[in-house]
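These notes open a run of structures that come right after.
Two complexes follow with chain A in common, the first pairing it with chain B and the second with chain C.
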Partner chain A sequence: MFLLVFVLIGVTMITFFLSQVLLDPLALYMTERTREDAIPAIIAYYHLNDPWPIRYVTYVWNLLQGDWGYSRSLSQPVLVGMAARFPATMELATIAIIWTLVAGIPFGIISALKNNKLPDHVSRLVALTGVSTPVFWLGLILQLVFFYYFYLLGLPHLPSSGRYDTTLEIKNPVQQITGFMVLDTLLTGNLVMFQDVLAHLVLPSFALGFISLGVIMRIMRSSMLEVLRQDYIILARSKGLSERVVIYRHALKNAMIPTVTIAGLAVAGLLGGAPLTETVFAWPGMGRLAVNAIGRNDAPLIMGFTLIAALILVSANLIVDILYAYLDPRIKY
Partner chain B sequence: MSRKAITKVQAAIVIVVIVAAVAAGAYFTIPQGPVTPPVAPVQNPDTFIEETIGQPDTLDPATDYETAGANLIQNVYEQLLFFKGDKADQVVPWLAESYDLSPDGLTYTFHLRSGITFTDGTPFNADAVYFSIMRAIIMDDPDGPVWAVSQVIRGGASYSKQYNNAGPSAPDGYGDTYTQAQVDDLVNAKPVEVLDPMTVAIHLERPYAGWTFVMAFSVTAIVSPTAIKAHWTAPTDGTGYLEGMTAGDYHNELNPWPSENMVGTGPYMLSSWDKATQTLIMVRNENYWGGPDKRGLAPIPNVIIKGIDDANTRILDFKAGAADVAAIPATGGLIFQFVDEDTWFSTGNLKVLSPDYQVYPQCPPSQPVQNKCLWPAFANYFMGFNQKIRGADRQPQAFQPFSDIRIRKAFTLAFNRTSYINDVVQGFAIPATQIIPPGMFGYDPSIGETPYDPDTAKQLLMEAGANPTVPENAFSPDAPQTVEISYNLGNTARETAATIIANTVNGFAEDTGLYARVVGLAWPQFLGALRARQISVFFLGWIVDYVDPDDFLVPFAHASAGTFALRMAYNNPDVTKMIDEQATISDPTQRLEVINKLQRMVNDDWAFLWLTYGTASQVSRAWVHERAGASVAAGISSYNQAIYGYYFYEIEKGGQASTGLIQTLLSTFQLLPAISSFFVKKSH
Partner chain C sequence: MSSATEKNDALLQVNNVRLDFHTYAGEVKALDGVTFLVKKGEALGLVGESGCGKSVTALTIVGLLPENASVTEGEILLAGENLLAMTHDQIRKVRANKIAMVFQDPTTFLNPVLTIGEQLEEVFLLNSERLANVAAERKIEVEAGKEEQDTSGAAPKLARSRQKKVAKALSIDVLSQVRLADPERTLKQYPHELSGGMRQRCMIAMALARNPVLFIADEITTALDVTIQAQILELLRELKRQLSGSTLLITHDLGVVAELCDRVAVMYAGNIIELADVKELFANPLHPYTQGLMRAIPMIDRRMERLETIPGSVPDLIYPPSGCRFHPRCPFAFEKCKLEKPELLHVGKGHTVACHLYGEGKA
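And then the complex of A and B:
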């Protein structure tokens, strides 16, 4: 736990140094149009002439009090802007990770059991493709095929981008309850939009999950192979347990530990927002927000996003550690 | 061992087969040339969908100073005057029925149209005009457009923090240094005077030829006082205010409502703005008064403006008809998915590749601009030579190459503009020759572009190095010097332009002793260094605010008020004097004479390297039409440089939507050629 705090302090220091000490902080508050005579006032207002340690302490103190700064590109406080986008990222990441785990773990197991046979080759090929495909390229190809070519051929086509169809939403307004549109449309019985929202999730969640799929399959396969060589598996088999029990009760649980680690980190990565996927699919999440913030030179927003991403990663690590203890009773904290 | 070898072979075969299958599939599936599908039936006939990049900063006309917000403001709000058709240099009475100018040139009296209401049901009248213009002045956004009003309206310059050098106190919030006395002084100066409920007078401090354009500019848009007052609370800390407006509240802290909501008199109303999904929805104003030409209600009931960052995604949506117009960048050649590349480069005409789309301008009826059939846009992209470069210590450095006119001239002649225009911006630009862009009053077509002349450039540098103006500026092959050309990282066009010059200069640097180095800086650094005057050669662009030459002449060449002139220490007292002088001349012929003269003086100083002027062209779905005789150019088949984005009121969507079985069958039948061409590809 203490380590986590240190990590977070480290992150705030790095972002602060990069944007406020190494660069001219004044540049962050100026535009091409800012007049010369406004500059002394900007310096005074943001205390830019104070020594940087004082400015850093002020920054952290404000963070702790929930003041993460004001985003000029959003005309909103940073926390408000990020909170508005978190559900979209969360929804996309959840769907992506669910299908990745549902597909990745069984294929990894099959791959290990049918070692060096055709199913193994196929799943290894898929895994290799997954880890080596750039996500933006995959996203564009998916759009091209399932949106545009299907449209050209007169087939039902998936939407190219966005979270829902705006023209449809004008006629079937979605009431915001949780911010998760799949849930909100279901809760309000808005089935037209429920279908539409699901359709919009297909391509981005596939693109997003495809990378993690490869990693999870490969990890699952190799740890399964390793576990299957252990003495206790030989023992289990020799005492006449069925192969099913051996695999699913004895081997799988132990082989899951590395997979859980990787999956935990993958979830964390996805929750922090996937800048490329969200940009390609115009997904209104935190990743796209971060990309826009960089383009608009919005330092408070970039710093806030970095911190949130770090927070998510650190918490995911913590959860993974707790899961270890469940999977392997020998691990205690 | 042998078993394993066999499986390896098997694995290799499987991999090869799959890779080959994927590659073959991709080859046959992806069209190998322009596929020409049949003309598609109109989609979403009651909604116009625009896909673009970026979101408005704010929707408040008093503070918005960028194109995305201005696009909405022009469709929801109206000004007393507005532009005529595609003429950016002609304004006509709009919310005003007529106006007169007093003989001394100081007072404009506007006679307002009666019977117009805001979309909240309240009437448009002289009080609304007073409220709207006073609100912009009193809020006094230092980064906003209001300077255009404050600079010349009576009492404006002495009230505005931009002009009295006090500086705003709080860039992130509302200012607390505006006292009630200051606001009262402004009010007592009577910049805007309500003469009767339908007559309003505006008083200026000096005659100003550009004033009618300011009255057509979005900053003077007329807002509903009732709607804004309803969301306003008075400041309690002693800050000055008038009812409904707080001095210095330019970040809308005391009244955020107008930055996200709009109540105007225009043809559309804002329905919603979702910042997260970057979606703006406008609906038709069902009580619209019809504009001065009484053209009824807007033909299209809904307008959706979506921000989609990825150009490829926008283009796919556009191709599939999910968008009626989309922002298609010319750099990188994406535009050539819609217009024929060979025709473009050989004739300068835009020839559309598929009947599903239309592209404008077409010549005729449009006129080619410098042999290209494009609309000129009021934007000037240039490089500035810093005549007083400061070092890291913020003091002027010893070596000041650009204080020598020969070196400025040499760098200008070292730029191959033709290569830049063709290779970097795919020909979608016209060569720049002076401060004022073509189409704007004051542009002088007789000024030619500077040639690409490396030999003369070399000669000039040899002379400048051997016989320097001051000893510190000397350079030679034995004592070489280096000049840095800076650009902001990520801007490929600027990077390439810098490289073009640097390559030429470095080509003969062994003889001259002057080298050029291209330096990429992150945007904050670039801006910071620019402000500190540390950049030797910089790139920037200037886009029109209001269509008066003043809006270009001052920032470029006015020694004390010019943003760029200050940043490059360009100071020609005669030019500055003439800029001040031309702004007060109301006779166009006399004014033009002064402007022509001063522009030539700036060029003779070789102070700037003119790169290109902005241009515009428009690809849209063929089912979109501009109404005949549009009162203001809609941006589809005609274009007005003063209009940002589209004027949706003059746009209609033609044809019928395909609904029902017969249409579906019909469209399937129509799709057959597409499918057959798909199979034809496969049989190759």
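And then the complex of A and C:
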């Protein structure tokens, strides 16, 4: 918990220094059409003549008050703009995490149990491909094959961009409850849109999760192999337990410990991949917002996104630490 | 003694077992025709230096060899049934009900993420019939309404919740049997919360839980410090009196053998080289290697400048010596020892030895 606060302070310092101290902060508030006589007013309004330590403290104080600055590119407060796009990113990332864990852990186990046999070679090849494929390239190839080629061949094809079909939504309006469209459509019983939303999630969540899939599969495989060589597995077998019990009761919990660490890091990896994936698939989330903000030199928005990303990363690590204590009784906090 | 009567009261017969390990460097001929038997109710000691094949013999009996090992010859009979010819599932049932093994290091052999209770109760849960009988005997009930009667199977079977309750009761029994002070508390503890001696007691309890006809103890005192060793040996002695099954005690400590065993088999480089009653072996060791071992025991009433050792070192089992595997280190070796492998010979009073010195004398 202490570390969490420390990391977040560090992140605000770095973003603040990069955008407000090393560069002329005035540039952030000007366009080519800004009149020269407006400059003193801008300086006065944003307290740009104050020494930077005072400006930093003011910035942090405002953050704590919920004032994350005003985004020029959105013409909205940063927090409002991000809150609107947060569910889209979370929905995409959640689906990606779920499918990578659901696929990665079992395939890692199978890979370990069929060590150096065909299933192992196949899953290792998939893992290696996953780790070494750039997200944006994979995204484009997926669109080309599953949208364009399937469309050309007259096959049922998957949508290539956006969260849902806007024309379909006119006839089947979705009521916003949680912001997660999968949940909202289910809760309101809007099955037409539910199918449409799921179809839109397939390609981007696959592209986003593919790297993590490789990482999780590999770590699950190697830690399972490691655990199966341990003495306590011999004892478990010597008790006459079935192989299924030996693996799922005695080996799995031990093998999950390293995997959980990597899964936590994978969450961070997903956030890193979000701007690329969201850009390729025109996904209206925070990642694309950040990319646009960089393009338009919208410093408060970039700082806001960085802070949110750091917050999610630190929380993921906190959850990992809590899971550790659950998995390994030798760890106590 | 005639060998026919010996076979009749045999529980376990290991006949001419050969075993190779496939390694990068070559075939390691780890067991070279191992032959011995364990009688009903007796404690047989299996002694020898590190790497002579004691533990491999034990792992072969329970079918837990590593993947690179293969038995090329021989049979292991438990009450007439060949364990080596069994399917995975059959040998698994033998491990669950008949042969229980306790290992050397209680720190690495207990699962660190499961409680002692979880690791002990699962042994009882394998045998649902026994659980049902115990439940009937002791009238262990579960809260009304929770119980589901299962009448489909021929064998009596209890509902899962009730099975667990019985298993817990039995676990507490077996933990008190190994003299743990607070069994209920131990059940809830993880291995890292216990001392080495307590862990070893728990591992012994897991073996006793199966009520085995054969109890194999593989160097179970080696990883413990001396005072704890004494306690564990005391426990074994006590259990030996109480239990009807046979024990195969693997050790390199002749003192342990002298205290606990009825008979001893001496192993050298994958062979049984001498087998006799404990008293007979200590009084009258015949094989030069056994004699060397006896001389290497420090005695408090015998003052020595240096402890005696057997000259030479353990042979390379990828290229084992021809003939008798001990001949390069044997002070009495002669030409025949290099050429011919000696057979186990009866030399009287249930004493057998594999050495040409005695074959010669008889012929």
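Keep in mind that, in the parts below, the second predicted complex is superposed on the first by the 328 of 333 C-alpha atoms of A that agree within 3 Å, B and C clash if a C-alpha of one lies under 4 Å from a C-alpha of the other, contacts with A are read in each partner's own complex, and residues count from 1 in each chain.
In this section, a residue touches a chain if its C-beta (ideal position, glycine included) is under 8 Å from a C-beta of that chain, and two chains touch if they have at least 3 such contacts.
The structure presented is a predicted model; accordingly, all values stated were derived computationally and were not measured.
Chemist: Do chain B and chain C fit side by side on chain A in the superposed arrangement, or is it a clash?
Modeler: Aligned through their shared chain, the two binders fit side by side on chain A.
Chemist: Quick check for you: in the superposed arrangement, does A:R249 touch first (chain B), second (chain C), both or neither?
Modeler: second
Chemist: If we overlay the two complexes on their shared chain A, which of chain B and chain C does A:H121 touch? Say first, second, both or neither.
Modeler: The answer is first: A:H121 touches chain B but not chain C.
Chemist: Contacts for A:L241 in the overlay, against chain B (first) and chain C (second): which applies, first, second, both or neither?
Modeler: Only chain C; A:L241 stays clear of chain B.
Chemist: State whether A:S132 touches chain B only (first), chain C only (second), both chains, or neither.
Modeler: neither
Chemist: After superposition on the shared chain, which partner residues are touched by A:Q76: those of chain B (first), chain C (second), both, or neither?
Modeler: So A:Q76 only meets chain B here.
Chemist: Once both structures sit on chain A, report the angle chain B, chain A, chain C from C-alpha centres, rounded to the nearest 10 degrees.
Modeler: 160
Chemist: Of the partners chain B and chain C, which touch A:Q65 in the superposed model: first, second, both, neither?
Modeler: A:Q65 sits against neither chain B nor chain C.
Chemist: Touch test for A:D328: chain B only (first), chain C only (second), both, or neither?
Modeler: In the superposition, A:D328 touches chain C alone.
Chemist: Applying the document's definition of touching, compare chain B and chain C: which contacts more of chain A?
Modeler: On the superposition, B touches more of the residues of chain A.
Chemist: If we overlay the two complexes on their shared chain A, which of chain B and chain C does A:F281 touch? Say first, second, both or neither.
Modeler: After superposing on A, A:F281 lies in contact with chain B but is clear of chain C.
Chemist: For the overlay built on chain A, what is the smallest gap between any CA atom of chain B and any CA atom of chain C, in Å?
Modeler: Minimum C-alpha separation, chain B to chain C: 5 Å.
Chemist: Contact residues on chain A for chain B in the complex?
Modeler: Residues in contact with chain B: 19, 23-24, 26-42, 44-46, 70, 73-76, 81, 84-85, 88, 116-118, 121-122, 125, 140, 143-145, 147-149, 151-154, 157, 160-163, 166-167, 170, 279-282, 284, 288, 291-292, 297, 299.
Chemist: Name, in rising order, each residue of chain A that touches chain C in their complex.
Modeler: Those in contact with chain C are residues 230-232, 234-243, 245, 249-250, 253-254, 327-330.
Chemist: Could you pull out which chain B residues touch chain A in their complex?
Modeler: The contact residues of chain B facing chain A are 4, 7, 10-11, 14-15, 18, 29-30, 35, 37, 44, 47, 49, 57-58, 65, 142-143, 161-162, 165, 167-172, 251-252, 259, 274-279, 281, 302, 304, 306-310, 312-313, 316-317, 319-322, 522-525, 527-528, 531-532, 540, 563, 566, 667-668, 671, 674-675, 678.
Chemist: Can you check the complex and tell me which residues of chain C touch chain A?
Modeler: 62, 64, 88, 92-97, 100-101, 103, 105, 108-115, 122-123, 126, 190, 192, 203, 206, 210
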